[in-house]
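Order of writing sets the chain letters: A, B, C and D. Residues in each chain are counted from 1.
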Amino acid sequence: MTEKPGQELLTVEIARPRPYRWSTGKYLGRLYKEAMENKRLVTNRCPKCKELLWPPQAVCGRCKVEAGEDWVAMSDKGTVIQYTYLVFPLWDPHYGEKLANPHPTATIKLDGGVYMVHFLEEKDPQKLKEGMRVQAVWKEKQEERGRGLGDILYFRTIEE
Amino acid sequence: MANRVAIVGVGQTYHRSTRRDVNQQEMVGEAVRAALADAQLSAKDIEAVFTSNMETFEGIYLPDHLMVDEVAAFGKPGLKVCTGGTSGASVVAEGFHFVAAGLFDLALVIGFEKQDTGDTTAAITASVTPVWGKGVATGAIGEFAKQALTYMQRSGAKEEHACMVRLKADRGACRNPYAHLRLGLKSVEEIMKSGYLVWPLRLLDFCPQSCGACALVFASEEKARKMTNKPVWIADLITVHQEPFRAGSFGDPTGLETYTQEVAAEKLYKRNGITNPRRDICMAEIYEPSNWEEMSLYEHFHFCEKNEGWKLVEKGITEIEGEFPVNPSGGVIATNPIGATPTIRVAEAALQIRGDAGEHQVTRDVHTAVATALGGPNWTVMTLLKRSL
Amino acid sequence: MAQRVGIVAVAQTKYHPNRADANEGELAYEAIRQVLQETGLGFSDDGDGISSAVTCSQDFWDGRTISNLNVMSYVGAHLSHEDKVAEDGVNAVYTAMAQVLSGKHDIVLTVAHMKESQGDKSIIENAAFDPIFLRVLGLDFLTAAALQAQRYMHRYGITAEQCAKVAVKNRGNAKRNPYAQEPMDITVEDVLKSKMLASPIRQLDAKPVSDGACAMILASEEKAKKLTAKPVWILGVSNCYETHYLGDRDLADCNALVKAARKAYGMAGVSDPLKELDLAEVSEEYSYQELLWMEGLGLCGRGEGGKLIDSGVTQMGGQLPVNPSGGMLAGNPNGVAGMARVAECVLQLRNEAGDRQVPGARLALAHGVTGICGQLQAVMILGTS
Amino acid sequence: MTDRVEKLRDLDVFIYHGKVDIPDTYSAGTVGSRFLIEIRDNKRIMGTRCPACKRVYVPARSVCKDCFGRMDEWVEVGDKGTLLTYTVVHVPTSVQLKEPPVAYGIVQLDGADTGLVHLLGEVDPDQLQVGMKMQAVFAEERVGSILDIKYFKPAA
C-alpha cells in the first residue's frame, strides 16, 4: 500500500496551451455589440415566463420554448447579493497564469432583474456587505471593448 | 420486463494526493483488479467496460482509449461518459442501462481521477468559457463558498456546525483504510484555526485533491444469483440535470430555483414507496464537497425539514453509530478523486449493505442505502441500493 | 433482442467548414428543433414525452470542461435526465437504445455536435496519445493514420489509385446529398496530384475540417409505432476497443471492427452481409479506411478492399452502395460522423434520400470510429422490419 | 498567443480567440520510469515479458493486454530492429518537433514482439522501405525521456 522507497520515479511535464476560436453565436453576440458600441447591457425575454434570460440565448431552458427577439436594455446598476474573495491565487486556465486579480467576486442583482457575477472595485473586506449598491465601471476606449462582460472592469460602490 | 442488475464486485485504490509510482492507466487498473478479485472473476469474464472521467483534469483526450489494456477493455465493448462532477454516477447509470437492457451480463463500471497531473481548480474554472465570463470564475471553490453563505443565512447554522461535520468525516476516514485525509482531528477549535481558502470556506472545510479510482462489477440477475450470496441490487436510479441557476451554481440566494436534489429525491422516493427516508433508507453516502454543502444536502434530500440539517449534526444522528449514518467512509471531504467520487459513494453504500465495510460498518443494519452525486451547475444523480428486491 | 427500439426522427445541419456564426448550442439546436417539430414531442415524465437526452460532444473540442453545458437548455434537460457520451455519435445512439431497452425511458433524444473549426486539430489529437512514450514525439491522428495506411497498403498491395477511387466515389455521391459539405467532381488523377499531407495520405484522401450537428429520437417499439408510420429499427449493434499502442497492433488489421461487426450481425441475424445489406455507411476519415473497414466488416476478404472498390460493387447502383451520403470524406465533424451515418441509413430506409436513394433499401449498416486509427469501432444494423 | 476578439463582418457575432492553458505533469510510473532510466543511464532498451503468452512488450508495460497478467520479467532487446511502417509528414502541425518533412516509423526491435513508434532520421525519405533494418541513435545528453532515443536510422 505504500510506494517503495529508492526507485527513481520520472515524470513528463507538458505545457501545451490549446487555442480556440469560440463564437458568441447570435444571441450573446447582440450583448457584445451593445456593450462595445453603447456601454449598454441587453438581453432577451422569454415569451412564456416573461423572465429575462441571462445570458441572452435562443431557448428558455426552463420553459423549453424558443426565446425570440424581445430585447430589453438594462441598467448597469445593481445590488450585491453575495460576495466572496480568494485568499490564495488560483491558476487561470484562460490566461495560463496564477489569477492575480485582487478584486472580490460578487453576485449582483442588476436593476433590470438579472443576476450577474462580476468583480467589485472595493477590496477591503471590512467595507463589503450584502445589499450594497454598485454600478458598472466600463472600459473607456471603445477599441478596448468587444469582450462582452469583459468590457466592464468591475462594479464600483455608489451612494444613492 | 427489463433485467434486474446487481453489484457483485467492488474495488477501489487507496487515495493519495500523489501517485508517482503508477501512471494513470496502472492506477485505474488497481481498482479493476480489486473489483474482479472481490467478484471472484477473471478479466475474460467481463463483457463490457464503461468509464467516466473529466478529460481536462488530466489533459488527456479520450482517456478511456489510453487505458484499454490496463482495465481489461481490450477487444471488448464500452464507452466513456462525462457529465462533470456527476460523471462517476452517470457511468453507474449507463452501466446499469446496458445490463438492464439485456445487452451484457457482466460489465465493469469505472470512475477515476489522477489529480497529481493537472490543476483541477483551473480545469473546473474552464467550465466557463471566456466568451461568457472570463476571469470571473473561481472554480468550484468560489461557488461552494457562496453556497456556504447562502446556507448560513437561510438556516441559522454556525461555523461550529460545519466543524462538527468535518469532525464526523474525519472520524469515518480514520476508520477507512482507503480514505485520503485521515487527520485525527480532535476539536471544533482545531478546525476553526485553519486558514480561509475562499472566505468563508476554510482549508479544512473543503474536499482535498486525490488520486484514485473505483470499479464496480455489474451483473444481470441470473448471473448475480449464481455468483454470490451477497448481491447488492440497484433498485432504482435517477439523474436530474438543468441549466445553471440564475445566481450561483450550488446555492440559491434568490429563492427562485428548484434544486435538482429535491426533484430527484421526490421522484425516487415516490417510485420506491419511501415515505420516511430516514426510516425506509438505512444510510446514505452523499457527494458533499464541503461540510456546509453536507448540511444543506440533508435538507434537499428530505433527510430532515428545511433549515434543520445542522440539527442532525448537532444531535449526532448522521454519525456511524447514529440513527441515520451519512458518509461513514469519511465522504468527499476526506477523499475526492473527482471522476471516481460518485462511484465510491455507490461502492461504499454497497459495502454497507453487504456488511463488508470493516471498521466503518455502521451500527444500524443496512438493507437499503442511497448514494448521491453532485456536479455541473447543481446536477444530481441518486442510486438506490437494496439487499433484496 | 427481446424488444425493438425504433428511430422515429432524424435531422442534421448542413455540414460546413466554419460555422463561426453559431455557438455550439445554437448549432445543435438547428438539428434538435427539426426532430422536435417533426414528432411534436417535448420533454415530460408521463411516458408520452421525451424523458432523457443523450448528448455527445468532447470537452477538448468545445474548449470547455463539461461541454454538455453548451447544450443544456437546447436539449430540454431542465430538471430531466441528461447524459453525455464522450465518443463518436454511434455510441450515443447505442446508449440511448440501452436506456430504452432497460425500461427506464420510453423516448430518448440524442444529439451530437462539434465545431472542428474552433480548435487546433493537432494539439487536441496529440493529447490523446500516451504522454510518456508517444505524445512527446509530436504525433497526431493524421500521422498515425498515415502509418496505418502505409502498413495496410504494403501488406496487401493496395494501391494509391484504389484509395483515390474511394475519395472520387464518396465526394461524387455527396453531390446528391444536400447536407454534404464537399460535393466534388474529381478524378483519381486529381486525388493523386493533390498535396501530400503525410505519405501516403494526400489532401483529397482526407476529410475536411467540418462543423455540424445531428439529432435523433429513439423510442420503444410501442411508442415508435405511434409516433411515426416509418420507424427504423435498430436490429443489431456493438462496439469494441482496440489497444492504444500502435506498435502492439498489426495496423493492417482491424480486429476490433471484426468483433463489433460479428456481434452486430449476430443480433440482427445477418449471415452474409454483402448479400443481405442494401447499403453501408462507414466512417472513413481517410480514403484507405473505407477499404480497410470493408474487410473488417466482412464485406470482402482480408486484403481484398482494393479489389472490392475496383469491382464497382460499392458504387451507387452496385450490389452494395457504400457511403451514398458521401461519407466523412465529404465532410463531417468527428464525433458527429457516426451519428450522421445512422441518420443517412434512416433516410435511406425511409425512402427519403432524394436523388441518392438506394432503391428498395430495407437493411443498412452504419459504422462509427473514435480515436487513433479506429481504436473504438462501432457497428449498427438498421432495418425496416 | 494573446487573446483577441473579432467581430464577424456582416453579423453581430464575435469570435473570441483565446486558449485553455493548464500545464500537466504525467507520472511514468514504476515500470515506465525503469524503462526510461535504462535508456538514459545504460543506452539499453528493455521490454517486459508476459509470463503467460511470452510476448515481449516494448516500451515496457506492466500489463499484457491479452492475458491481463502483470508482467515483471525484464528482458533486454536489441537497439536494432525492423521497420514495420513509416510516414513522412509534409505539412506543418502545432505539435511537431521540427519543420517538415518529419519521418515517423514503427520499429520492431530484435527480441521484441511489439513495435516502437518513433522518429526516423539520417535517411532520405525516398529510401524508406517497410522491412528495412533500423538502428536506434541515442541522444548525447539523456534526461529520462523517450527522446533519449533521438530517432532510428537505417542500420549499417
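Please note the rule applied: a contact is a pair of C-beta atoms (placed from the backbone, for glycine too) under 8 Å apart; a residue touches a chain by one contact, two chains touch by 3 or more.
Model, not experiment: these values are computed from the prediction.
Between the interfaces A-C and A-B, more contacting C-beta pairs are found at A-B.
The geometric centre of chain A is 37 Å away from that of chain C, both derived from CA atoms.
Centre to centre, using the average C-alpha position, chain A and chain B are separated by 29 Å.
Centre-to-centre separation between chain B and chain C, using Cα means, comes to 34 Å. In this assembly, the C-alpha centroid of chain A lies 42 Å from the C-alpha centroid of chain D. Across the assembly, chain B contributes residues 19-21, 23, 56, 59, 68-69, 74, 119, 122-123, 126, 129-131, 134, 242-243 that each touch 2 or more other chains.
The set of chain C residues touching two or more other chains comprises 20-21, 23, 60, 63, 72-73, 77-78, 120, 123-124, 126-127, 131-132, 136, 243, 245, 248. Looking at chain A, residues 4, 7, 9, 11-12, 14, 16, 18-26, 28, 61-62, 91, 93-95, 147-148 sit in touch with two or more other chains.
Contacts between chains leave no pair untouched here, as each chain touches all the others.
Chain D meets chain B in the complex at residues 3, 14, 16, 18, 20, 22-32, 61-66, 68. Of all the residues in chain D, the ones that touch chain A in their complex are 1, 3, 5, 7, 11-30, 32-34, 36-37, 95, 144-145.
Only residues 14, 19-21, 59, 119, 121-123, 125-126, 129-139, 141-142, 145-146, 149-150, 177, 195-200, 242-243, 246-248, 253-254 of chain B touch chain A when the two sit together in their complex. In the complex of the two chains, the chain C residues touching chain B come out as 1-2, 23, 45, 52, 58-60, 63-69, 72-73, 77-87, 91, 94-95, 97-104, 124-125, 127-132, 238-245, 248, 255-256, 259-260, 263, 370-372, 375-376. In the complex of the two chains, the chain A residues touching chain C come out as 12, 14, 16, 18-28, 57-62, 64, 66.
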